[in-house]
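Quick heads-up: structures coming right below.
Both complexes shown next keep chain A, but they swap its partner, so chain B is in the first and chain C is in the second.
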Partner chain A sequence: MTIDSGRRPAAGEPVGDVGVTRPGPTRRPTSRPAWLGQHLGTAVVGAVAGYAVGHWLGNQIASAYPNTAGASGLNDTAVVLGLAFGVVGWLAGIGALNYPLAKLVGREPVTPEPQQGWMRYFKYSTDHKVVGMQYLVTVLVFFFTAGLLAMAIRTELLTPANHFFGPDIYIAVVGEHGTMMMMMASSAVVGPLGNYLVPLMIGSRRTAFPRVEAASYWFFAAGYLVILTALPLGGFPTGWTGYAPLQTQSAGGMDSYLVGFGVIGIGMILAGFNLAVTIIHFRAPGMTWNRVPVFVWSMLATAALLTLATPTLVAAGLFGVLDRTAQTAFYVTEHGGSQFLWQNLFWFFGHPEVYIMALPGFGIVAEMLPVFTRKPLFGYRVAAAGMLGVALLSFFVWQHHLFQSGINPDMRPLFMLTTELISIPTGFIFLVGLGTLYKARIRMEVPMLFALGMYFNFLIGGVTGVFLSDVPVNVTVHGSFFVMAHFHYTIMGGLIFALFGGIYYWTPKMTGRMLDQKWGKIHFWTMFVFFNLTFFPLFIVGLLGQPRRVFEYAANLQVWNDISSTGAFLLGASFLIFVGNVVWTMVINPRTAPANPWASNGLEWQTPTPVPYFNFERIPVVLNDPYHYGDPEPAPVADLGAGLAMAVAGATADPSTGLDPR
Partner chain B sequence: MPDAPAPRHFRRMVAVWFVLSAVTDPLFYFLAGPHIPPGKMTSSANGAQFDFNVLFIIALPVVIAVWVYLGYAIWTWRASRGGPEPVAGPYSRGHLGLQTGWISVSTVIVLGLFVFGTYELVVPAGAGGGEGPNPIWSPASKQILPVQVIAQQWMFTYRYPTYGGFETRNLVLPADTNVAFHVTSLDVIHDFWAYQLGVKADANPGQDDVAYTSTGSQLGRFMVRCDELCGIWHGAMYNTGHIESAAAFQSWATTQEQTLAATTKLLPPFAWTYTPDANGADGGFYPDNRDPYNKVEMYGAQKVTS
Partner chain C sequence: MSAINPAPGIPGLIESPEEAEYELRAAEGSVWTGTRLAIGIVAFAFAGLAFAYFYLRSANNDQSWRPHGVTAPTDIGTSIVALTIAAGALALLGNVRLRRGLRADWQVAGWTVVATGLLVVALQIWELTRLRFFPGSSGYASCFIGWAAMNIALVLGATYWIETLLARGLRLRRALVEEGATPAALSAERLFRANAEGCTLFWGFTAAVAAFFWLLFYIF
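Let's turn to the complex of A and B:
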């Protein structure tokens, strides 16, 4: 395999085939067409068959017991087992179990040939670039599904007391929207951009555990289907927080919530430790810790949170499933359990989760700012320290969600302190951003607009977070629309703005095609204006006394609610611009992107487009951090030929070592 | 063209920031401040309003600083305005003094907010928030009216232990009185949010969650809403309470006590919680064996002898 990198070898630089041939296991040549193998279709068949088997088994086991739900008339054991077996069937259908099962029975597993063509996106691929694209499409589908539910909520809230939905439908929609958005956002950047870009940015040919990486995606996709089943099963009335004992008394949709979070949680853990190990162990020679791109720092902090916090969620969900099916009493006060246990476990996961959703956004904007200001990143170490500081502190703040709950009330000052402390490392991110803008040459391209929009929104979200951390103010705003506006400003205004900036920024690399910039600007401005139009009035609504998740509110709040609803519909419409842009420039009228449209120094832009299967012909030797913009003597970021530079970088690794990503 | 003296960017920004902050902060405090929810009906509402205003006055200059900087930077240094490529001088990768200053200032603000918030929480006896069954911050006064709030799907009822423990759906409070809300639930987690009173406490099954406030001279209605998602009719779980003069309250409460006496006898005896627990699965109403009519705990409440 030869790769034309379009780069002329410098004088004295060795040229040739060194390191191009790779040793690998003998592969069985495949001659059958791609659609005959295992792909999305067989996964769906496996999921349906698995659900049927599990449901039948559950009815065999537990049909004689009175079910805990009662209202739906469903046997919760059958639903839970159906969903669990469905996920197993899904994984078997896609082929995730082939390798471990072959190992289990002592056979040498067959590693399939790297696939080409569009069918590989529907298969169990261990190529981090394919997994990244799979994640990206699924995240967008997830986001738009949950976004439609958000517009349904705003439709119901158009009037104080006239109803578009019954209260049961409304509460199901609210819970479904929140849960789907949280599930989506926890992998929104780590999945697509983390998997796709981190190996390219650190000069690696693959991630550490490609099969784990593939499994993380297929768990994520299974989670989408599982949480969708909540709607036909009657929804769940608890919102995304799932508080017991309401959880224990709820109908069948609650099982989808618990199993769904469990499945998503497993995917998050897998994605997290794969990424963490990749960043720690798979950096190219010369990629020292103070040359690692700041996006990779954010991915490392996020990966640590994913790996350490998510197991709590999975365990808590398992307890909930057992309470509902096997009649255990983890969360049942009357039988020796405690409803506080769920609150504590859930938020012990839930607050790090909030930063799982914030840190990647910081990483994206900090990565883009130097490119669009033509200046080095201001305070690189401060940025890295800020991200790690936020990640560390996020484990010590969870009870600020429980200030009014009666759980260890004498600890409130401590949690007030830790919560307010977290604004210090968050402030680092602002220092880095503002410092980079100073005396810069700001190119207002579409990704830069999203980055600046993120700073605008996150400032409001962050400052209102300080209000929430103050216990006397919290007495008024806790559980109101104020909280809801606050976290939409941080997650939607922060993470989602950064994600769309990242999509505009990196799609030329990921797809080889350029999104239309004029329509991109229109998308940004409509999204920015209507986002603020939707969520800013909700601060006022919350302060004026409207609790979250209600379908009736005081009549004097209708004006503010209607402004918000109008904004929400227009915000939804702004995403049509994005979808239209994608369809037009990617499918109908594709335009080949320039190799490096933003003139970035990043290592990911030094690879050919489309990125070859092994990313780099040779493992590059990194010479500098990628932020040498405006330097009087610009230094190359990396030596892709990996020749003489080895000596300069003082690296010891053999650059010709190509690890087979499978 | 001779070189113009380098514009003093920081000085300009600080000037704009200072003027804007100096104008908007007092404007906010004097125009909006007195109307900030939840108002001034009780001590805890007053405290919440005061805290909100203080935080807003601190937050506004911070937000303005970032906005002024962003606006100035975009206006002055955008590429379409021409100008040379920026040169990566020694300060472009970081500036020790600036970074230290930023971190110091934010740390000082944060620690100040922590001290302020703790003072405002501890001194007004929990600031109207739920403090669990054994509050460590309570009012010094012993003249406290206990009101029990019982939440269930999907309504609130109230019991007045000092008036024989009658149960009603009307929440009436006397003016100029210390009130202790004892919030509990019969089924799932609810939250008692008396909006204008600045009181919020989760209603947990099997737990007595205490929140204190102190009514002032202001009479009138206030809104009570459930603030923790409790099932499909959560949005319809609200009612209205009243603050009346002490004399009006006294006559209302004694009348209620007499009118409802027959009903009160049929109710479960007054207790801190009403759900059976691990020690009383047959429906014991005193799961923790605490006497609800203990004079110390209930500020002199008298048990009715029937």
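Let's turn to the complex of A and C:
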């Protein structure tokens, strides 16, 4: 008998909960066609079957219980159980539950031969590069779906009083757009770029918990489907913030919102958990903390927020579900609950969430700036400290979202202060960028354009944020399009610009193909101009009093709204340029990318393309940080060949080399 | 320095024993940190519940925090907390024995913890059928239902962890006896130990959570 009953992990595959890379035969490849195993198709079948079972069960439990029929007459218990069982069916269908169940009888994992071919992207894969690509495509699908809803919103707002939709549909579309975008944005960088690149950047062959990483993706994808069900279930009238008491009173779409956020939340926690542990323990020998790439620092800070802030959202969502099904009264003031409780719990997550979305963007651009300026990163330690500072402080500002509600007025100055304080480390990060740009000979390549665009936009988003932290200003513009414009400038103008910059920058590594640079520049300029055309007018209409989430507005605001809507449609078209570029350069006319097109020192660029299954044939020994640009004779960043002939055996003996992975 | 060995079955991959050792230590460290992080995650979720408890209690909206001072059945609740603490203590004791090499003791303690965990879950469900209040009748009632749901999930999770370890421990032991101390078996054993430490800590945390909320729901 062997310890694994003949099921040996492949080399590099984990043994048990967390494993060790070790040599071992893989399971012999079978001649069974790939589509016969577990894949996206079986996941969908599992989800549908799960939904049916859950729905049936919910009706058995609660059909005679009239109170659980929400405003739409739907039985909320049936809907919630349907969605929850649907997610379980989805996970079972894809194979995410195989190992957790086999573990009950002490089995070691069965690891198939490393898969090749496109089918692997439709399967439950523990290869961090496959997971990264799966995330990337799903994030884009999320983004474009929610983007279409944005177009619908702007269409409705073309005229002040002639309507394309009724008010109910309008608010349902706004809520769906906002929620989908927020769900997408919270994993937009961590999922694709974090999972794909962090192990490469720290010189690791794998992540700490590959199955947790894979599960995080399949939760994320399930969350997309769950939140989509909100539309056929009647939408939710609360907007993305889900405020009670409306939350407790509204139709079945609200169940999708609560379950959806729960599912996405679990995915976020798992992703953050895996990344944090990977960064702490799987850095290659010599990758000391002051050599860690700044993008990895941003991932670490984000992972800390994901793991610690999101559980509160999941708990808050559970309470909401219990209110709607088991008839508790967490958020029902008349029965000893409080609608402000939701606001507190939601924003305790929600404000760190803002930095979950901002920090990765900063990480991407800070990583790219030295490459395109050929200068070392200015104030590397300040950048890392700033990211951790922002992460920490972000837990202490949530009450500024409650300045108008549910807060003791005496507490306002305190939260005004903490909010203004957080602009200091944010400013640090900003200054690091400016310091790097100072007197630089900038290469205006496409990723760099996006980085500069991000700085421009985030400046506007950030400065208006400082305004908003001020109680008198906040009281004046709260609930208006001013707030809307502010956060679109930070998230869309910041994170999404950085994400696209990152996509142009790293696709040559991730796909081996180069996106067309001329079309990339056209994409950037159209996106930049039309983004500003769409959102800058919204500051103006906001200051003039246009409330958000309302489908009508004063006639004198039509010009600004029309400018915004026109900008939005053109902005939508700019994404078509990107899609066209991807299809052309990846599918129709693929061109092999140069090995290191931007002449970056980053460790990720030292691997072959396509990146081998185990990333590094030998575990590299890191010798330097990757930012020594401009040195006439820079020391090499890593020794990739000598392998751990190094003193790993005695690693603990010399902690200064950072050789001890513990 | 040992020679570099080709990894059988993986074309092109060669791995030295030093590399294997390096990654094994990283994996052990990951269990250590992962356990603490998992505790942090669960702690923040329960902090949400504690926040709800104190927020609703101090707001006492509509004088409906806890009308008539009614509580959930104290006898069942106290049994639950006593059993959870006992399970935590037993997990700890078992781990001490395991460290001393007394594997059979750990197995006995561990299976008892599994049984206790399942009993706690059963009791928690039974308690829900014995409540003297409607879930939505008060802030207290709502928080209590929330607690019951979260506690069931927590105890089930902790029980799952120790059960899978016990099952794995049995297989590992058989492999060690039958095959001897192969490098693969030894690394699996080291990871198993790291997991056992982590699981023990998690059970201790579970017991602490139970004690804390018992005070909130039955005493204060």
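Basically, the second predicted complex is superposed on the first by the 606 of 662 C-alpha atoms of A that agree within 3 Å, B and C clash if a C-alpha of one lies under 4 Å from a C-alpha of the other, contacts with A are read in each partner's own complex, and residues count from 1 in each chain.
We adopt the following convention: a contact is a pair of C-beta atoms (placed from the backbone, for glycine too) under 8 Å apart; a residue touches a chain by one contact, two chains touch by 3 or more.
Given the structure is predicted, the values throughout are model-derived calculations rather than measurements.
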Contacts of A:Glu552 with chain B and chain C, given as first, second, both or neither: first
Touched partner set for A:Thr238, first chain B, second chain C, both or neither: first
Partner chain in contact with A:Thr312 - chain B first, chain C second, else both or neither: second
First (chain B), second (chain C), both or neither touched by A:Val263: neither
Partner chain in contact with A:Thr333 - chain B first, chain C second, else both or neither: both
Partner chain(s) touched by A:Ala146 [first = chain B, second = chain C, both, neither]: neither
Touched partner set for A:Ala276, first chain B, second chain C, both or neither: second
Where chain A meets both chain C and chain B, residue numbers: 333-336, 340
Complex contact set, residues of chain C against chain A: 1, 4-10, 12-16, 18-34, 37-38, 40-42, 44-49, 51-52, 55-56, 59-62, 64-67, 134-143, 145-146, 149-150, 160, 163-164, 166-172, 174-176, 178-179, 182-185, 187-188, 191-192, 195
Of chain A, residues touching chain C in the complex: 1-5, 8, 10-12, 14-26, 103-108, 114, 204-205, 208-209, 269, 273, 276-278, 280-282, 285, 307-309, 311-312, 314-316, 318-319, 322-323, 326-330, 332-338, 340-341, 344-345, 348, 612-614, 617-619, 643-646, 648-649, 651, 660-662
Chain B to chain A touching residues, read off their complex: 9, 36-38, 44, 47-48, 50-52, 55-56, 59, 62-63, 66-67, 69-70, 73-74, 77-80, 83-88, 92-95, 98-99, 102-103, 106-107, 110, 113-114, 116-118, 120-122, 124, 126-133, 135-136, 187-189, 191, 193, 195, 198-202, 204-207, 209, 223, 225-236, 275-278, 281
Contacting residues of chain A [partner chain B, same complex]: 167-168, 170-171, 237-239, 241, 243, 245-246, 249, 333-336, 339-340, 373-382, 403-410, 412-413, 416-417, 420-421, 423-424, 427-428, 430-431, 434-435, 437-444, 452, 455-456, 459-460, 463, 466-467, 469-476, 478-480, 543-545, 547-554, 627-632
